[in-house]
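Several structures are given next for inspection.
Two complexes come next, and they have one chain in common, chain A, joined by chain B in the first and chain C in the second.
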Partner chain A sequence: MVRLKSRYLLCEVNVSDRSQLLLLDDRAIMVAVKAAVARTHGDYGAAMCSIRFCVKYLNAHTGIVFLRFPKSCYKLLWSALPFITSVETRGQKIPCFLNCLHVGGTIRTCQKFLIRYNTQQLHRMLPKCKSEEEKRQVRKAILSCSLTESKEAFEEDSESEEEEEEEE
Partner chain B sequence: MSAAKVKMREKKMRNQPASVQYPSSSSNVESSTQNGADAPGTGKNADPLKGGLSEVHPSTERQKKTPHQSGWVRGHHKDGGGYTKEMPKYVTAGAFARARAAEVSAMLKAVRKTTSSSRVFEALPKHMRRRAMSHNTKRLPHRLREVANRMREKGLQAGSKKKKEQAKSKSRKARRRHGNLLLEFNRRQRKNIWLETHIWHAKRFHMVKKWGYCLGDRPTYKCYRACYRAMSSHCLLQDLSYYCCIELQGDEDKLLAALSQLTSKEAGPTFAAALCLSGRRQGSVMVYRAGRYPSQPLGPVTFLWRPRTQGSVHRQLWIWAHPTLKQDLLPELQTVCQCCEAVLPPAAPVEVNPTLEAESEPENTPEAKPVPGTKRKRSRKDATGPPAKKILGDGTRLRSTPVSWRSSSNGIVINDLTMEIVRYRLIGPQSHSVLVDTLEAATGCDEVPKSQTCSLWWPQHCSDEAKMTLHQQQADIFNILKGIYSTAELPSGTVLGLTVDDPRLTLPRKRVKALPCVKQAQEVDEEKRQKLMLEGVPEPCCQSFIWEQSVRDNVTDNKISEQELNRMRSEVLVPGSRLSPTPLQGRVPILLVEQPGKQVGHEMSSWGAGWDLLLPKGWGMAFWIPLVYRGVRIGGLNMSLKHSQNKAAPHFPRDYPDCPAGMRFQEEQEAELLNKFKRHPPAKRTNYIKHGCVAPFRCPWQQLAEEWEIIVREGGSQTRTTAQADAVTEERTSQQAISITKPPSRFTVLRNRKALKLLSAWCRPTTSKGQRPCRVGELPPISCEAVTSFLSAHAMSLVWVHVSLPSKGKPEYHAMLCVPTPDDLKALGNRQGTGGPQEPPHRDHFKSRIKRRKKDPKKTATPSVTPDKPDGKKADLIFASDLDTNASKDPKSFSESSSDLVLGLWPDPLPSVASHCSRVTVGWVTQGDFSMSAGCGEALGFVSVAGLLNTLLNQTSEHKGKLLLRNPTSLHYRFAKINIEV
Partner chain C sequence: MKQVEEKEEASVYQRVVLKNASPYHYLKVRLVLEDESTRLSAVELKYFIITGLKSLYGEVGAALNFDVLKYDEDTLTAFLRVYSRSLVKLWSSLTLLGSYQNKACAFRVLQVSRFDPRSSLIIRIFSEVIHS
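Now for the complex of A and B:
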């Protein structure tokens, strides 16, 4: 009802060399975004970016980033994202660009989108596999994530709670 | 964030995925690569990565290790969600797929699983929610019902857990059962002891916890005036059992020699006063530390000697002291008497059994006269159960703490009889009629005691002829009391020993007001009454068996319980008639002590005289109710303060600022008042700085005495030359001057009789009409020489004064007593009835500092503050510049210590207290109120002797003793007349 509203941007970091992706760091992403915003929108943009902007999540393996912007100015900040050409991390400059996949009002919607997106990507990977070994692994991965439609989410939850209580 | 918040957040974020990244520090990476080199994989390139991703749920795995870092964590944190594994060299499709899958599952978990605080139905989409879902699980979709049921049961269990804890406490009925109730009561008085009348008081009074006791402060009903009327015309009853009694036993001369170190003849009669020593009167003395008169006083005590028994020099002395005084007095007594040898209470049975017996009695009610042997057995049995015995006396004291000390050298024994004796105080002119009405001299037991081994004390005494004649004499004197018109007619401090019947037997059916029956008694005999009024009680009649430990114990143990008494009453043939024969247990030795009323001053003399009733412990309520049924008013601590105020007597510990107990009291009071002050919002508080009140919550006596000493010393030469010299010199009392002086001696309260008499004569207006000028002739008239010689002895003294306001004004405590300027006195002479001068409002320069500090709390207050400009009047004085510099220095010194500034109060290093306002302060009021006996405001307080004499010297004889009084919350000075009453 009454809350601070934000927009969550689900972005993908695209790099030419996949192994460079592993060097990524949430601090580095943050710095890069801020710099880009400052470059494109000047002091006003930098100020906007300093309030409630945050990197919520980063997966260095897949290159998925959740960015949080205040809802009032997310369009302005978003418009600066294409100008990121490189991220400097650990003394290296990684040439990359951010591809925005989804814009959500809550993290939850982003997460839901990400699930769908990831499974889709895995399905796309499967026909492109070159060796049998790879194929096997990808299939396994697909299976592992499609099996999670478990109805017993709450059960697990309650069980884990019980354990906790026992520990206490 | 607080720990609880962190915990909550952790719980909430438990299921949220954390960022997945490698640790950022390069050194870490290097080391990890080394590790990788050390442990080569199975030959596959992707092995390291594989290792890294072998955990399918990286985030969950990590959670277990470091739960604090899980979930969304605000801001960046080092090695945030990083794997501890090394960074792989290559990325393979399989590994990448696995990473994707892992992410999916992490996200799935985040999306699916609700936070722990939410119920099942909260996870449902809004359109599927139904009313009362949490109550009725059937409203949930079928697939969720099972889970919801389980959760609900769990919640119920959790609820029942809490209930179980509560259920541990028994039902109300069980709790209110007598034994359990007593246990509970005993538990509750572990910290603060209850008096025997506690429950009676607790139902009717505001109770306060003070001095280790629970005491009634004031009644819940309105009775201030009624209590005053009772004190002045009928009778007011108070329970003073909290006063501590210390018993000294030993040879008379040795006791006196030891005690003489504690007192001084200069301050009035000592322990050795002849009348008191004979045991016929109760005395009161001011006790000092051994040999330290007059610098280290302890406090006032009253004492009572046991009358001599024939041919014995062994004496017994009771010293009654206030509980706050006891902790200082007892060690002092021990050193004086050389009693360091603690006598441990004799083996347990003696101490424990009496109480056990006393309690076991009501349990086996059918036995009218239980044989001691069987009782003991029963009590043993009972002892196995919970010891539900009512604590009599000081039960909170550990058994092992010694209550008695013996001296090996001089044979003196000190016993601590705290809570062993109940003391009631009846105040008022009719208290003797209340006593006469309530008490009845014990009836002898006619039937010869059949069993010689009777455990009761009275039958044994009855068999002794001498004791019976003594008892008869005492009873006669007690009967003469009926004929007395007012309690004050008796010599003050008269003691009367007596043995009385159980007063419960003569309890009236309705509450009645005891009235004197003078006419009826006048017939008795006039001359005996005259003799009693003139000479008091003859010595043998002051003897009482309450002095005997054994008798006291016997009486306490054999008290008939209320229940038993009621049973006996119900068996009487004619309902409501008196029990006859009186049960043998109901004979109580008591001691009646007359309390003197107002002894000083000329008006209302002997106001508030009364009787003290001393009883053995355990009999408190048995006497209390019958007394209450005689129409007395009951007063609390509040009333005893008013009593002493009307008597113009200092009240311990409030009015003994030089005693350790008084100092403690002042500290407590300051803290209490400050607390109360701080509870108000700043805008609704009195700004005492603006009122020119330096210390509204305490009286810095030491500083006052010091300042006046300096004023007098430095201004000694000038006083003769100019009349206004004191006005000049006091300006010099800056803090600088004080710091120069030699290490100051402590202030004392003047208690030297001769000096007080001299002062009293000096401050009396000599030309006043009603005054008898007889004594002035004997004493030297006030002059500079006399004053200097007086001050050489008592420069650092304070003197207790009685202040009355002839016109308007109601003094409050901590009101200032100031010296009027000659102009004020002239104005008073011109137009009688005008109020008094006004104090110009002061400026609060601390206010701005507090404001500034609020604005930027980080910065310390800068010392650039404009000094408090002195009033224009002061500016033309010689030392104006001197003062200015001082004043400008003062705030600077304050600003350094301005850590705890309170708006409206001076911070701690106080400015000069004497010369802070336009009129010079000489003292403060410690008690003040509208006096109903005088019909105007009256106050009691202390003034500095030096200041007072300085004032008196400069006043004309017409205005001798006129001072100004100003309340801390007012700017208006009122004229007041001071009296020193001896």
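Now for the complex of A and C:
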């Protein structure tokens, strides 16, 4: 059966100032990626970007974004992502860079990877907890996320708890 | 020696790709401008081709290595040398380059070959034997 195949790139947006992360929205990221591809690969790249490119998922709390590219040209467009230096939203230029964590064929595989990645990050962060109080807070936050809620809420809570540990 | 030539009257275009051949391709091109009196220097021509590559293929295209081996200012004919992997990109950007300083222009590609067309026939046969 003929099927339109795409590649989903799981990227992390790294910003120096975490409060600016919340200002991001998917249209701003789309514009930034298209501009970078047009600069790096010219008209040829801009045309390839217009076929089936979109931002499928953006989590402003954690800075995770799913980008969809067509399978035939995803490597070329992937090579333009390191040239993104800032994202322009609501009149502000946020300096950031995109870090690609995973390439998957479907959104579901990317989500599975993201859950595994977040649990790994949590296991790395927990030993750094300075007091019992923090550990209890983290455990409570995770256990309070019920399975009926969406997976995004689970990731949000675990990541925001990690942030608090980092800052303290 | 295989030469791929574009002839106006022939409708068949054949591209032959040989493995283990020389790493460069040579193009003989002529720039045809709307007003015949403009003259370009070799540096201006190279810059003009680079702007064409940049508009079609971006920064990566503009970084393609090519050389202007010989340039005749009166007839605006040049011999270009490019790596074989970049031939398609260079040729397509020459095709789509349409205006020089807001005046219409066209690049006519007269000859494309794998071996240096400036050298004589004996040397070309010799180099073909070495490379094959």
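The definition used in the following text is that the second predicted complex is superposed on the first by the 133 of 168 C-alpha atoms of A that agree within 3 Å, B and C clash if a C-alpha of one lies under 4 Å from a C-alpha of the other, contacts with A are read in each partner's own complex, and residues count from 1 in each chain.
Keep in mind that, in the parts below, a residue touches a chain if its C-beta (ideal position, glycine included) is under 8 Å from a C-beta of that chain, and two chains touch if they have at least 3 such contacts.
If you're wondering where the values come from, they're calculated on a predicted model, not measured in any experiment.
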item	value
Chain B versus chain C as contact partner of A:G42, first or second or both or neither	second
In the superposition, chain B vs chain C on chain A residues touched	B
Touched partner set for A:R90, first chain B, second chain C, both or neither	first
First, second, both or neither for A:I115, with chain B first and chain C second	first
Chain A-facing residues of chain C, complex	53-61
Chain A contact footprint on chain B (complex, rising order)	16-22, 24, 26, 53, 56, 72, 74-76, 80-81, 87-105, 107-114, 116, 120, 123, 143-144, 147, 150-151, 154
Residue ranges of chain A touching chain B (in the complex, touch as defined)	18-19, 21-27, 30, 54-62, 64, 90-91, 107-108, 111-112, 114-115, 118-119, 121-122, 125, 129-130, 133-134, 136-138, 140-142, 144-145, 148, 150-151, 153-158, 161
Touch list for chain A against partner chain C, complex	38-45
